[in-house]
Amino acid sequence: MSYIQDLKWNKGMKVKDMVSSFSNLGYQSVELKKASDVIVKMKKDNAKIFLTFTSNMVTSGLRGFFAQLIQLGMADVIVTTVGGIEEDIMKASGARFKIGNFSSDDVELHEKGVNRIGNILVNNESYMHFEDRIMPMLDKLYAKQKRWDVSSLLREIGLMLDDKDSILFQAASCGVPIFCPAITDGAFGFHLYLFQQKHTDFIVDVVKDFGNILFVTSYDEKKGVIALGGSISKHHAILSTLLNGGANYAVYMTTAHKTSGSMSGATTEEAKSWGKVKDESDVATVIGDVTITFTLAMINALEQLSEEGLLKPREKVKVEGRSLEDIKKYVRG
Amino acid sequence: MSYIQDLKWNKGMKVKDMVSSFSNLGYQSVELKKASDVIVKMKKDNAKIFLTFTSNMVTSGLRGFFAQLIQLGMADVIVTTVGGIEEDIMKASGARFKIGNFSSDDVELHEKGVNRIGNILVNNESYMHFEDRIMPMLDKLYAKQKRWDVSSLLREIGLMLDDKDSILFQAASCGVPIFCPAITDGAFGFHLYLFQQKHTDFIVDVVKDFGNILFVTSYDEKKGVIALGGSISKHHAILSTLLNGGANYAVYMTTAHKTSGSMSGATTEEAKSWGKVKDESDVATVIGDVTITFTLAMINALEQLSEEGLLKPREKVKVEGRSLEDIKKYVRG
Amino acid sequence: MSYIQDLKWNKGMKVKDMVSSFSNLGYQSVELKKASDVIVKMKKDNAKIFLTFTSNMVTSGLRGFFAQLIQLGMADVIVTTVGGIEEDIMKASGARFKIGNFSSDDVELHEKGVNRIGNILVNNESYMHFEDRIMPMLDKLYAKQKRWDVSSLLREIGLMLDDKDSILFQAASCGVPIFCPAITDGAFGFHLYLFQQKHTDFIVDVVKDFGNILFVTSYDEKKGVIALGGSISKHHAILSTLLNGGANYAVYMTTAHKTSGSMSGATTEEAKSWGKVKDESDVATVIGDVTITFTLAMINALEQLSEEGLLKPREKVKVEGRSLEDIKKYVRG
Amino acid sequence: MSYIQDLKWNKGMKVKDMVSSFSNLGYQSVELKKASDVIVKMKKDNAKIFLTFTSNMVTSGLRGFFAQLIQLGMADVIVTTVGGIEEDIMKASGARFKIGNFSSDDVELHEKGVNRIGNILVNNESYMHFEDRIMPMLDKLYAKQKRWDVSSLLREIGLMLDDKDSILFQAASCGVPIFCPAITDGAFGFHLYLFQQKHTDFIVDVVKDFGNILFVTSYDEKKGVIALGGSISKHHAILSTLLNGGANYAVYMTTAHKTSGSMSGATTEEAKSWGKVKDESDVATVIGDVTITFTLAMINALEQLSEEGLLKPREKVKVEGRSLEDIKKYVRG
């Protein structure tokens, strides 16, 4: 058991110095340090790392960080909600979001064609970027086959993006599957619907994708979960680990509390009752805004892994026997 | 503008007396009263009412209340997450949940086969109830057709349940569609997957269901949203109202705050920037545990509507030209 | 261990029917029911009941309810912050607060002389009401003696108010002491300071009042705490019970969570480690807005105690051998 | 208006690089950056800086950081609750706190004489350290004079501590007053009471101290407030700025939300309606655990001020014409 030790500032202080000193502070800072340690452990133990986030994380400016983490081998499976996928595609197509205010005149924003997500502003044009981009992609995908499981569909889209800050591109390039159990819950759903109206034999097979996430890991493989926020992205990842004997490592970061019985607020302890994480697993639950807590915890973990020479950027993968270049040639026609 | 007036207890106090007095209290009590008023208004204005809830509400003991609300005509469209559907089926099959403790020995619970959701305990047998029930249902559904959109599939399941406290049964009986955009994110997903392994032409068509929720209402129809908790259930409903010109009435009840930019915490004001609710709409956001705030607000609305003779239990509908009895005969073989 | 049972609405539903049904709901509703039960138990066990609240509860419209509770014998010791005392005096002098909006143009409000507390508006005139009233009171008190402990000072003020909805009046009339450990933290402090400038031998003796709250109860007496919100009002009450062997019953109601280590969020469990409540005590912690949760829990308790004939309005007390009328004659000159 | 820009990790990342990148992230990270900027501005503008914190911040390991900030000239007035003062004295006397767990067996802890504050453990011996230290101090103070205002009393105690990590010592040495409007709400109150039992003419004059905080600044002086957590420490500081024309700069950091009307959750916007901060002031409200958010924001401010050569450690002051060494000689006898 460790003692509380006073934090002190030193000029030129590094993130890792700061997070190290969190070992000896109380409340959420020491929990954040534990979370960082659990991330380091799951990497060192070669666990398969499930990284889950809700779409507002992608909105917030963590998109490029997630892409970097995939490329650095810090995420082996991604689970997210469809808004994050839409925004990843928008941004790969040049859309830019602005910083606004939590208290705004929302009627005025609406008249200007500006949509608000907390203190972030997304204009209607961004959705047009998405629309312009997605329709030709669906044409190409349909030309290839009629029935798509979601993760395969997202991989093919990723290969068409060619933006190193894109989550979908990096994931596809590195062979990291992206799962999105509610693919129709957004603008993407609308465009899929319009497409299906023209092509009634076009099928998005969510049931098949359940098998994909089920077999993305195994009972014997070590498994780690990093769940940012709640929703189905968190639930779907831990459902997969549950069906594979439970995660060995779990970090939950959220602003929600356990007192309302929500998935967002469900703790790593509660997860043990379900077998979502193993009884003897290393776990940490951190309460706070993920844009702050996750960046701190993960950057500290990256610094530590990097110093120990354990951080190796991934090779671009060959997908289904094809090289990445082959695939790009194909998907771009 | 109204004045603060002191609340006083009177012996035999009714819920409606209490909620009435909330008109003159500050903080969340007056917001709760506003929410109740907005519910009354949406009903009086014949708005199509979208009721959305996350699965933990069904876990909590609000299942029968939701079923009652459907039967009383207080919900015209349901959107939920798959856990709520699984539990509705479990409970229709005799499963019973226990009240436990937020702080538990979760390893011990796990050893006993007990799963915890906040302070509620669900034993593994409940999931067996679900499994035993769902498999023959899928056989029957498959015998009828190979490709199912989600809401049609849920309607047929509802008709097979015959439990007046069941959400699926009451919804099916009353012609109220249930949407579940992430149908595979739970035990149901696992069973759908197993079924598809045996029947590869079995398709759950989520894209088609997007059309169903899109056309469940129209631009001209008055629309109201009552969103309990966040997640895709909330988002999917307001996506439908957004694509139909925005809701005229909206009540959001949640424990989440707007400060993290999450869907759970997104306010009715933010929704105006998107056109999810109309600029001039009647809206209320209430922060608090839904098992308390929603029951108070809704019961007050029911009392008021009942007194004014505006609460009329629905007729059982004929589905697709068949009477309910015909359908039951069919689905039960 | 009890089972989850679905809540159902019945026409004309009473508050006690609703709270009773909370016994079988999950999350905070069952905790609220437990809180109500603990309140009933502390009353039946003749425990000395410490009721603590922060000033915003008085602002909100619970002032008259607190006064009623004192009169009904549901509170034997009051601990609060000075804002609540100021507002009690303002309202006894005719001040009225308005209901506003959480999102306001605060610069505009400021220009209009309106001060905002969440969604409640207090105009500057209310503070003038306070000022007009307090200055002659201090003159009278000073004429009587120079050195005042806080609770005696508040009792004398209470006797001068003569408003049955006043907390100070009911407390003084019923012999219930009011403690306020930070008596100078508000407009009252300013007026005490101005008074002391003219009368340098005028002393408010906070140290002596520590003895008063210390000896307001004893090691052998049964003790119950109902703490609404956090702050020094909560802390001061449990400090008194701690020094007297710990409370036998404790109900904490707050919107704060335990995760930040704050007094507001400190739980009844944590209190056991300190001996603030006894190890084997009956405790409940309810998360939610007190204007909703406390009114529900307490009204249910009142209904139950009333039915069992255990609710007996207090006699007006004789204070220090004087009858109430004598005192009033005195303090009004 | 700035754009969202993706955060990226670079090896050896410094705290200031990280907080700089928060300028372009959404939700609380950009608010944290604003808070840091407001701190820099108040310093550059030579504003009198009121730093307020609740006692749990001192418990958490921020004590030495607060002491450092005083020494660096980043706090000109301190307002806190008495627990923080007690712990400052305990720690100056060798007490050490341990890191524990939010979920503990509190009955077992109680039996071991261990008190829990969130995930921090304080043993009973620590309180004995306090007791051993405070009693001779009170003797000395009483020998000097009978009637003490709180801030003078705390200054004299500070001078007796001689621990560079002590808040009271650094404040006394640097001429920074510490205000504590509820000085009796803790173990200190108990010891003051015991002392007064022996010396009935011993007076702690809280009314006089109201004058001290009132005249610690003026209408014309620029004023800044950094309020960590809520409670009377936050309220008392802004009461002083209110009575002096309002603060020009304000940073509120808390885990509480505005929706319950509590002081903890009251925003810098609401403060404008009161004139607690000026209409045109620079303000920021950050939601999150202060051990994380404040350290990040303040360290970033220190780095920036340091680079610009604006961070000058204070000279030790002469108090009332005496040098610090004179005073120490005196108070230590």
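As written, the chain order gives the labels A, B, C and D, with residue 1 at the start of each chain.
To be clear about the criterion, a contact is a pair of C-beta atoms (placed from the backbone, for glycine too) under 8 Å apart; a residue touches a chain by one contact, two chains touch by 3 or more.
Source: prediction; values computed, not measured.
Shared numbers divided by all numbers used gives the overlap of an interface; between chain B and chain D this overlap exceeds half, so the copies present the same residues. Between the interfaces A-C and A-D, more contacting C-beta pairs are found at A-D.
Most remote chain with respect to chain C, judged by CA-atom centres, is A. The geometric centre of chain C is 27 Å away from that of chain D, both derived from CA atoms. Taking each chain's centre as the average of its CA atoms, chain A and chain C sit 47 Å apart. Note on chain placement: the centre of chain A and the centre of chain D lie 38 Å apart, centres being C-alpha means. In chain A, the positions touching at least two other chains are 26-28, 56, 59-60, 103, 117-120, 257, 259-261, 269, 287, 289.
Within the complex, the chain B residues that touch chain C are 1-9, 11-15, 17-18, 22, 24-32, 56, 59-65, 67-68, 96-100, 103, 117-120, 165, 269, 287-289, 291-293, 295-296, 298-299, 302-303, 306. On the side of chain D, the complex with chain C involves touching residues 54-56, 59-60, 81, 83, 102, 104, 106-107, 109-110, 114-120, 147, 181-186, 189-190, 192-193, 196-197, 202-211, 214, 229-232, 235-236, 239, 243, 255-266, 269-275, 279, 289-290. Interface of chain B with chain D (complex): residues 26-28, 103, 257, 259-261, 287.
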